[in-house]
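Scrolling down, you'll hit the structures one after another.
The same chain A turns up in both complexes below, where it pairs with chain B and then with chain C.
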Partner chain A sequence: MRKIKKQKFYLLALLLPFILFVVGFEIGPLVAMLRDSFHADDGIQVTIQQYVTIFKSKFYLQAIQNSLVISLVSAVISVIIAVIAAYSFTKFSQKVQNRLVMIANMTSNFEGIPLSFSFIILLGNNGLFTLLFSKLGLDVFAGFNLYSWTGLIFVYIYFQIPLAVMLIYPSYQGIKKQWKEASSLLGGTKLSFWLHIGIPVLLPSIAGTFSILFANAMGAYATAYALVGSNYNLLSLQIASLVSSDVTLKPQLGSAMGVLLASAMIGAMWFNNRMMRRIRRDLR
Partner chain B sequence: MSYVTIDQVTKGYHHQVVLENISLTLKKGEFATLLGQSGCGKSTLLRSIAGLEDVDSGSIFIDGKDITHISPRQREVGMVFQSYALFPNMNVFDNIAYGLKMKKAKNIKTRVTKMIELVDLVGKEQSYPHQLSGGQQQRVALARALVMEPKVLLLDEPLSALDAKIRKNLQKELRRIQKELEITTIFVTHDQEEAMTMSDRIFVMNKGKIVQSGSPVEIYTSPVNTFVAKFIGNYNVLSMEVFHKLVHSTELNGKEIAIRPEVLQIVSANEGHLGLHDNWGIKGLVKDVSMTGNVLRYEVETEGAAFLVDNLHHKGKMFEQGAQVQIFVPKKECIIL
Partner chain C sequence: MKTSLSFHKVIVGLLVIYLVIPLAATLLFSVAGKWDHTILPESFTMKWYIELFHDERFYGALQHTLFLIFVTVGLGVVIMLPTIFIITVYFSKWEGWLQTVAMLPYGIPPIVGAVGLIKVYSNGPLPITGTPWILVGAYFITILPFMYQGIRNSLRTVNAVQLVDAAELLGATKFQAFRTVVFPNIISGILVSTLLSVALLFSEFAFANLLVGGRFETIQIYLADKLNSSGHLTSAIVITYYSIILLVTGTVLKLTFKKDKVPSPSSKKRSVFFINKPFRQKNTALEGENS
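After this line comes the complex of A and B, so read on.
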């Protein structure tokens, strides 16, 4: 008995750095954010004024709306592209598949300032392709402005796709060849297989990926900051300016917006889960 | 008039022949088994009939129609897989109804309910595959294939993932359902005992060829070569030269001789002769003895050959390892290969 207790103690001791890290850098800030969001600007008086300010301000409501729209749009488009791309991966030989996954893995880590910089160099006003195509007389990018809403969505989708592919690809391995064979022997076409079996089986993974992409886009800061600076009104950019700006330093208001950002992410996950369970009744 | 005809079917993978000139015919309502070791081509043949594999040459006919080059969904065959292959997102009812829905059939509810009764799954309609036992899942797979009223039912080792007792029950049930519906069935197995109990006709396959076909009794009592003799019934196969030396007689002639273990009689070495006119006696030493319940299996070492001898397990009549014995070989039970 004593030996087992001792063993457990050591195991817990090994876990200590992780526990400290989670408490200090995740739970701690979360509690602080929640607490600050219910305080006035002086940091002493307890109030819900910060939330009232947000919901009364057209400017902040627009930031929330913009963030929700860009996250939803980029997540939906990326998931659709990733479902098709991951399926096409599975049609290659194992060797090619491994390479493709490696490329997706590498590119999924490519985001933030370097990504924005690459886009500016390639597709900015004086970007390589922009100039090249205009010299060639092709106005492919004539109507395209990288520093606009379209440009921002474009970049968001770009960094979301590899991540989505990485998350969806493994679930294709769970689609058994014999389900397809059984379906075809029972008179089903390829389309009916995917409609009735393939996609419903993939759905939990698609829904899970959607939640992650949505959260990823909601929280994305550096990419947007480098690309549009303060020209575009996004929740993450507003929070940053409220907690670290020299002009409008209002950490309590920033915290309240942070709480709303987190709530939106949790809400999206909850909604996702509910929808999925309604469709895949076998998972109950 | 044959109902299923397979005519000189050949198939290879990567320069290796998997099916070599296979021809067979089945009557309507017949229960046929393709029996062989893994890799002998039996599953490939079944999958070729289903249309899940293309054949390189030859033709397949069902009910007079050439189906060699048409898609699986137009072949009107049903198939049950070893791994059941049930659709995990559908409950029992929907799994069985899937094919009918694809065909836009009428009376789906009545037909599915009837099938659920046939396979004895009443009350499980709303269960999902992961909530069912292996045996129950296999019944669903069977019902899903049968509800389509296929011309031929193909079963690819459907019972091999189940434990012994459930397997025995399902064997009986499968046969009952097959007889009740009078459906032409092709069953694939590597288990000779299963093939014996279930089939009207067995096709023994080896290295992509059919080496023997016949009723279970024919296959068991008259194997045509060493492979069938060893695979089907643990036959003792000896070269004729060795056999002549053992029995001091050249009465039989041929290349090899096969003797079933259960026709041999074992007595102690000093016991009298057992009708020497009809039997040959061979002296030997019990090297090993094992019990399979009702049967005692002896491994007897003689001068130049080892014999397997199966005797019924009688109380107080058992030879220990190392015992000097005599085995009697009935002359009429010797099969010349």
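After this line comes the complex of A and C, so read on.
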């Protein structure tokens, strides 16, 4: 009996490094941020002033709104494109399908700073396409400014699409050929099949994917940082400048905004979880 | 039916073109000599790559990134493997907690994580903001979800708990069982999550920029700093960087694809083989006793 106790003691000791890392770099900082968000600028007085400041300031509300809008718009567009494209994927042979998924997987790694850079050399002020099209006399991109809202959305959509395709594509595998046959035997048309069977089956997966894309865009920092620097008012960029820049250092306010962003992300993840459980009943 | 297929071909074609164009253009730009008023470059050159590979800063940044990846992923495997094993085998009632803790970073973007880390480590007993060590801690947490899922799934696939029970029944200690039965069986599964972690950390920018910045320049920081300089040189960096990422993720895909292709019976066979090998002697001894 004593031997078992001693053994358990050693086992618990082996868990110590893990506990240290988790407390020191995951739970600890999150608690510190949460606590800090309820303190005044001096870091001593306990108050909800920081949250009041955010919700009273036009500037910070604008940042939240911009982040929400850009995340929603890029997620909606990417999901629509992915639903169509993933459906087209299924029309090819298995070999081609695997290759297409591989392309999506590979390009999904092309994000952040390198991606922004690529778009700058393509569509920036002296970008390849910008110059080329203006020389060819086509002013497709004449009114297009990469370093603006439209530019940002354009780049966000680019890095969202591969992810969306990879997430939605598997759910098409769930739609059995027999269902289509049964539906047409019963007199259903192609349209009525998708309207009454296909889309309802896909819907939880689409909603789940949407929430992941939304969270992905809300938390995106590198892409926006490289593209617009601090010229554009986004939640993630504001948090960064509040906690790390020398000019506008306000860690408590930054913490409060961090808490808001984290809540939005966790909300989206929670929603995704619920949706996943709906399609995958085997997940408890 | 035929028109329908060509419709899908157009859709997929457009998507692939859209996804590949930025990469292809960057690649072309990195080997282009003069390219400002034609569709394709007028001349090709390798001089940007030569210039890049003579840049001490590039090597320095690459070294820093590799150092961080090596230390963090190493720590990740060394710490997470025993942790997950011990919890699944001995303290299975804590599994839910472990999962919550391990998956939480997945929902917390680096930008939020950095806020708390700056707060805790800027001053106080452990002022490591601005040093690579804070990144080691932050990155350990970043790769936690991948490490956890990879290791846990591998342990489940090989039925680690039953394997350990069986090994114990045959006279092995739990440590022996882990080392000789469980570990050899899950290496390939761990390899995939390790490589995924490597790719993830290679492209990590937010933590590096906010916690350390130029004081310990990683490849991403170097790239961000070069954004405004010569486009050709930066293209060469992007392509070099992306080639490394492709190499790593390509290996991941190959490994997982292989695993999918090989039906599960053979992997079970492999574990049986592994059981047989180290314990053959004991097995025969038991048989001897019985007879």
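Criterion: the second predicted complex is superposed on the first by the 239 of 284 C-alpha atoms of A that agree within 3 Å, B and C clash if a C-alpha of one lies under 4 Å from a C-alpha of the other, contacts with A are read in each partner's own complex, and residues count from 1 in each chain.
The working rule: a contact is a pair of C-beta atoms (placed from the backbone, for glycine too) under 8 Å apart; a residue touches a chain by one contact, two chains touch by 3 or more.
Computed from a predicted model, the values in this text were never measured in an experiment.
> Is the arrangement of chain B and chain C around the shared chain A a clash or a fit after superposition?
These partners fit in the superposed model.
> Where does A:91 make contact in the superposed view: on chain B (first), on chain C (second), on both, or on neither?
Only chain C is touched by A:91; chain B is not.
> For A:28, select first, second, both or neither according to whether it touches chain B, chain C, the two together, or no partner.
second
> Taking the superposition on A as described, I'd like to know which of chain B and chain C A:239 touches: first, second, both or neither.
second
> Looking at A:248 after the superposition, I want to know if it touches chain B, chain C, both of them or none. Which is it: first, second, both, neither?
neither
> If you count the residues of chain A that each partner touches, which comes out higher, chain B or chain C?
Ranking chain B and chain C by residues of chain A touched puts C first.
> Could you say whether A:178 touches chain B, chain C, both of them, or neither, answering first, second, both or neither?
It touches chain B, and chain C stays clear.
> Return first, second, both or neither, reflecting whether A:230 touches chain B, chain C, both chains, or no partner chain.
A:230: touches no partner chain.
> Upon superposition of the two complexes, what minimum C-alpha distance (Å) separates chain B from chain C?
13
> If we count contacts the way the header does, which residues on chain A are in touch with chain C in the complex?
Residue positions touching the partner: 8, 11, 14-15, 17-18, 21-22, 24-33, 36, 81, 84-85, 87-89, 91-92, 98, 100, 102-107, 109-122, 126, 128, 131-132, 135, 158, 161-162, 165, 215, 218-222, 225-226, 236, 239-240, 243-244, 251, 254-255, 258, 261-262, 265-266, 269.
> Touching chain A in the complex: which residues of chain B?
Those in contact with chain A are residues 50-52, 71-73, 75, 77-79, 81, 83, 85, 87-91, 98-99, 102-103, 128-130, 144-145, 148.
> Using the touch definition from the top, list the residues of chain C that touch chain A in their complex.
Of all residues in chain C, those touching chain A are 4-5, 7-9, 11-12, 15-16, 18-23, 25-26, 29, 35-37, 39, 75, 79-80, 82-83, 86-87, 90-91, 101, 104-120, 137-138, 140-141, 144, 199, 203, 205-206, 209-210, 213, 220, 223-224, 227, 231, 234-235, 238, 241-242, 245-246, 249-250, 253, 257.
> What part of chain A is in contact with chain B in the complex they form?
Listed in rising order, the residues are 176, 178-179, 181-189, 192, 196-197, 200-201, 280-282.
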